[in-house]
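Chains here go by letter, A, B, C and D, matching the order in which they are written, and residues are numbered from 1 within each.
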Amino acid sequence: MAVMNLISAVNHTLDLELGRDESVVVFGEDVGLEGGVFRATVGLQQKYGEKRVFDTPLAESAIIGTAVGMAINGLRPVAEIQFSGFIYPAYNQIISHVARMRNRTRGRLSLPMVIRMPHGGGIKALEHHSESLDTLLGHIPGLKVVTPSTPYDAKGLLLSAIRDEDPVIFLEPSKIYRAFRQEVPEEDYTIPIGKAKVLREGTDVTVVSWGAYVHEVLKAAELLAEEGISAEVIDLRTISPIDRDAILESVKKTGRFVAVHEAAKSFGPGAELIALVNEGAFLYLEAPPARIAGFDVTIPIPRGEHHYFLDAQRMAYGIRKVANY
Amino acid sequence: MLVEQYGPLHGNMFQIMDENGIILRPDLVPELSDQEWLELYKVMVKTRCADDNALKLQRQGRMLTYAPNTGQEAAQVGSAAAMAEKDWLVPAFRELGAWLLRGVDLEKVYLYWYGNEFGSQFPEHVRVLPIAVPIASQLQHAVGIAMASNIKGEKDVTVAYVGDGGTSTGDFNEALNFAGVFNAPVVFIIQNNQYAISVARQKQTRAETLVQKAVAAGIPGILADGNDLMAMYAATKEAVERARSGGGPTLIEAYTYRLGAHTTSDDPTKYRQDEEVEQWQVKDPIRRMKAYLTKRGVWSEGDDLSLIEQYSQEALEVFRKVEASGETRLEDIFHYHFQETPAHLTEQYEEYVQYLKEVE
Amino acid sequence: MAVMNLISAVNHTLDLELGRDESVVVFGEDVGLEGGVFRATVGLQQKYGEKRVFDTPLAESAIIGTAVGMAINGLRPVAEIQFSGFIYPAYNQIISHVARMRNRTRGRLSLPMVIRMPHGGGIKALEHHSESLDTLLGHIPGLKVVTPSTPYDAKGLLLSAIRDEDPVIFLEPSKIYRAFRQEVPEEDYTIPIGKAKVLREGTDVTVVSWGAYVHEVLKAAELLAEEGISAEVIDLRTISPIDRDAILESVKKTGRFVAVHEAAKSFGPGAELIALVNEGAFLYLEAPPARIAGFDVTIPIPRGEHHYFLDAQRMAYGIRKVANY
Amino acid sequence: MLVEQYGPLHGNMFQIMDENGIILRPDLVPELSDQEWLELYKVMVKTRCADDNALKLQRQGRMLTYAPNTGQEAAQVGSAAAMAEKDWLVPAFRELGAWLLRGVDLEKVYLYWYGNEFGSQFPEHVRVLPIAVPIASQLQHAVGIAMASNIKGEKDVTVAYVGDGGTSTGDFNEALNFAGVFNAPVVFIIQNNQYAISVARQKQTRAETLVQKAVAAGIPGILADGNDLMAMYAATKEAVERARSGGGPTLIEAYTYRLGAHTTSDDPTKYRQDEEVEQWQVKDPIRRMKAYLTKRGVWSEGDDLSLIEQYSQEALEVFRKVEASGETRLEDIFHYHFQETPAHLTEQYEEYVQYLKEVE
């Protein structure tokens, strides 16, 4: 087993899959020669050649649009969008085609493709480099959206994504690209898309999060444990489709629910989770299900971003309220 | 090479046959037999008949919105005829002639316009993409397909269509540029039918020709008479062969005219003059090909009338079948989104079935 | 007072405002010469000239992007997107600039502009002509999103939108463009953005909807009234920001809540409404708040759309369940 | 007209001054006094000093990400200098020279890169847009501003910038096309600095030049030596005058080179050779203008040293002020989204203030 951080796990996984399946191709802006602005694809062009790992011109719509064509013609494209905030020019391709081609053709054309990108913020980056797309992608019928919170998960989920016969959006929490290292098996393993994971068992309140925030939530749970509040922490892993059963099971046990996310609050992913909890576990609820979320503001550039992004203390504050309700 | 004489910046339009079916450039007539031209002619007529039939049905309230092709048959059939068997065709939404030629059943086409997704479920061997409604977005798929052919070392070429309006979009330009950079074996065909709904070609761009947009991507282009079946065939053939032999993409502007409405929801008299339409009626691609074939002695007015009769009859029968297909089945709107339908979708389906039972 | 349908009310309002304020300009695909594919702008180019009412090339990103520039340079652009399903190529301009310019420049540049478009489905249109953008626009900080359900509201809300110093998205329910006529005052009046309207008072359950569905909900309320269920029906009018107080006030009275919308269920606007109700009226709830929404599928083309779009009977069925819970 | 000699398809690059400050085309030297050239030169030097200072500070961990301009000063200053007082400038994100010339305080610029939105709050009379991060999206704003000038009957011209990478985007092409159709008084300046992060210009497009992308929109274009202050001034001047007098848009390709990194997060040695950089160092726009001015007798090495000293000092002082500004105030992230802050935002703000009180 090798020790990897999240970005090196992504690199390792792409390497593995490029080696295993010659229909896999990897491309995007600065992906080839440079190996990606975050180095996710470093070394891959040298190893697999310019036909399979390549730079594209600066045009996100065409990156996704050509991926659609490649998937139709027998490849398994893994396209990189340089930052989640630059997905918008490709939004038409994603909504109108990536998500719909299979249904439009009643199964005739499927699109086994992955769109991966650094996601979320908290890295003191420029404007548009910190966006959370949970809702903007999760709401689109026909898409699967996954996000790992550890190097181990990154590998398992990315392998599932690449091997899926349908398009998968793979959101990589850039904040924790290099935050910590973990043992990651060299061999092949997958983590199922659509399944959440209980990271910490607890009895008083269910807290659901994903991506980089998971680690803050775990810290918050520690803080709360010291006060005698036992939080069950669930890593959603897949944003769409949501593993409702896992959440409901937990809420039925704890009677309380909190969603914690980076994206803006209104029409955010927390709303969906709260709705699901209402639909499936209303009678178990001992407190209003709550969300601890981004403000409904444009994510501030660096000198203000600490106001926006949540730390364990703020999460604990919000969870505590629900636990003590 | 044709692109040298009729390229983006020469201001010449490539023509082989004039409006009366007289060959202007015998040296450039493609090497097809009379019989082969006749077959292509028949597809044009079939397209026209299918169109006429759809419009008639639409007026009877039996067909929904429909986008007619009348006037553009040569641009479609001539270009598609230049393709090899395994080549890919990527339509916009007004390419009935090309579809029919490439093996898409009229039944599928009618079924689509009748409002059923199964109309876009072509058989495995038909390498034709479904209609793309978001204008020009399909060109990027075409480039991707062509890039994949390159990557896999296969020799297939992709032929893709777009309208004059579509050339104003970002997607059009990105597609051409990608195609150039990756030397993708793709042929882009602009059906310049002079209008994007009500917006005249002159209002889409200040460029004198649309083919000059090829210059931006550094790829070759050619302006061809889109109502001249032979010119469209020859221009596309050259482009397809260049692509197949590693020469990369080409842009073809097929200069043509939409003789009918944009779709059946549209009233073209609001934005164009009758005289203009009349001038273009004279250039009708079917009329001139008929004149040519008649002069060649392989076709007659009588043949034509019975062919039209036959195709019209067939089209009506096909439509009757489509009409009999009825409404979309409930399960079909759920079960094609993913290879494995996720639990929440199944549940939504089941809840609805339950509802239907309860209210019955 | 003149009698108008919704589309003629839009036309009348644009006429009024073009006449009153010479900084107003109206443009989009087929908007000038033809007067719009739905005839929303018919006659306006003849009256105000090609400088103020004009056709654009087919390029949604540029339609919105140039509107941003016009708004910066002193105009009040009213841009039309031909159908809501064609907004996606402009999504980058909308998210990255329309919604952010004021905040980005700390108030230096404001964008008084309106983006109007036919919205929603149920008109047996082709693919992409029936989309509901509630969530996809509502989730964006910095945007206001309104939608009228009557000719009267169309005028009042559109005047507010055009006169707003900030960008407003104006969603016109195409299904009811010509569904009915109503008396609409010729003179100037506005309806405030951000305020919902109680259309029908009731005591048993609060039902919130907007746009074309409002009329089906009212029919459903009639059906339910016959059974002795008294539904309070609220027309949201503004999708963002939501008039939370109006909703909470009603829910506190009825103890039950249902959101009814066309958009797909998951991550849809109903989730946000349910979350708000949880946050503000949890202890008043006598039943799980519910949503009656579109399936999580691509909206079917015409022969299947009746499965997707809700009628009064289906709405009543869902509301009844909540009322009888 | 210059566009006739150096237009998109002539393959000639417009130059007035060579790499050593020797005038090659005395007939084309714009009518500026030595003093005026010197002033422009000073802005270039100021830009370079501000850049150097920012990089130094960044290495000290006091500045965040920063995008250097070194090598591109003439392309920026020369073009912006051709504008009239009320003209609009629409930057991409690497136009420090143009900003400074057009009256944006260095303090604002540093504040922006320091990570504070007030860095984009320019005074009312400064007709300069903020940095646009989404590549090429700003060009459409420029066209809209210019269209508004036309609609209002005002004579202002808009000058907008984009990089070589940006020319591959849909937005770039749509913007040029709109500008052509609406005859918008706008000048587009491509700073072709040969790279988009690591992607070399040759990989962006198969087009031989970037200026030939003007052909797609049917608008004039000119390829100019972007390291030649005089050429950039003359080319832009002609374009601005054409725009002002109703002649519509122009595309200018400023052929230049980014001597430094893409941003401070980037290591250019990963994707380009030292020799290449060295070749371009010889073409440094400041170097050659200094040689020219020295030869004209209005400048000396000593003057230069003390100017650099002065500007470096000033830049550092400006930065110290910026650094002292500290963090963004909480209320500022809430209160600029709308003219009137809606209730839910106020509430979110207040809740957070409450939280801060409680945890204190």
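Everything that follows uses one rule, which is that a contact is a pair of C-beta atoms (placed from the backbone, for glycine too) under 8 Å apart; a residue touches a chain by one contact, two chains touch by 3 or more.
Everything numeric in this text was worked out from a predicted model, so none of it was measured.
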item: Comparison of C-D and B-C by number of C-beta pairs in contact, larger one; value: C-D
item: Furthest chain, CA centroid comparison against subunit B; value: D
item: Rounded Å distance between subunit B and subunit D, as computed from the means of their C-alpha atoms; value: 44
item: Cα-centroid distance, subunit A relative to subunit C, in whole angstrom; value: 31
item: Between subunit D and subunit C, distance of the C-alpha-averaged centres to the nearest whole Å; value: 40
item: Mean-CA-position distance for subunit C and subunit B (Å); value: 36
item: Residue numbers of subunit C (touch at least two other chains); value: 57, 59, 61-62, 85, 88-89, 92, 96, 103-104, 127-128, 141-142, 241-242, 266, 295-298
item: In subunit B, residues with contacts to at least two other chains; value: 117, 133-134, 168-171, 174, 177, 181, 203-205, 332, 337, 344-345
item: Residues of subunit B that touch subunit A when the two form their complex; value: 88, 117-118, 120-122, 124, 129-130, 132-134, 137, 139-152, 158, 170-171, 174-175, 177-178, 181, 332, 336-339, 342-345
item: Residue numbers on subunit A that touch subunit D, as the complex places them; value: 29-30, 33-35, 37, 55, 57-59, 61-62, 85-86, 88-89, 124-129, 265-266, 295-298, 300-308, 313-314, 317
item: Residue ranges of subunit C in contact with subunit D within the complex; value: 25, 51-52, 56-57, 59, 61-62, 64-75, 77, 89, 92-93, 96-97, 102-110, 141-142, 144, 164-166, 194, 241-242, 244-245
item: Complex contacts: residues of subunit C adjacent to subunit A; value: 61, 85, 88-89, 91-92, 95-96, 99-100, 103-104, 127-128, 134-136, 138-139, 141-142, 240-242, 263-264, 266-272, 274-275, 278-279, 282-283, 285, 287-291, 295-298
item: Subunit A contact footprint on subunit D (complex, rising order); value: 64-65, 112, 114-117, 131, 133-136, 165-166, 168-171, 196-199, 203-205, 265-266, 270-271, 326-328, 330, 332-334, 337, 344-345, 348-349, 352, 355, 358-359
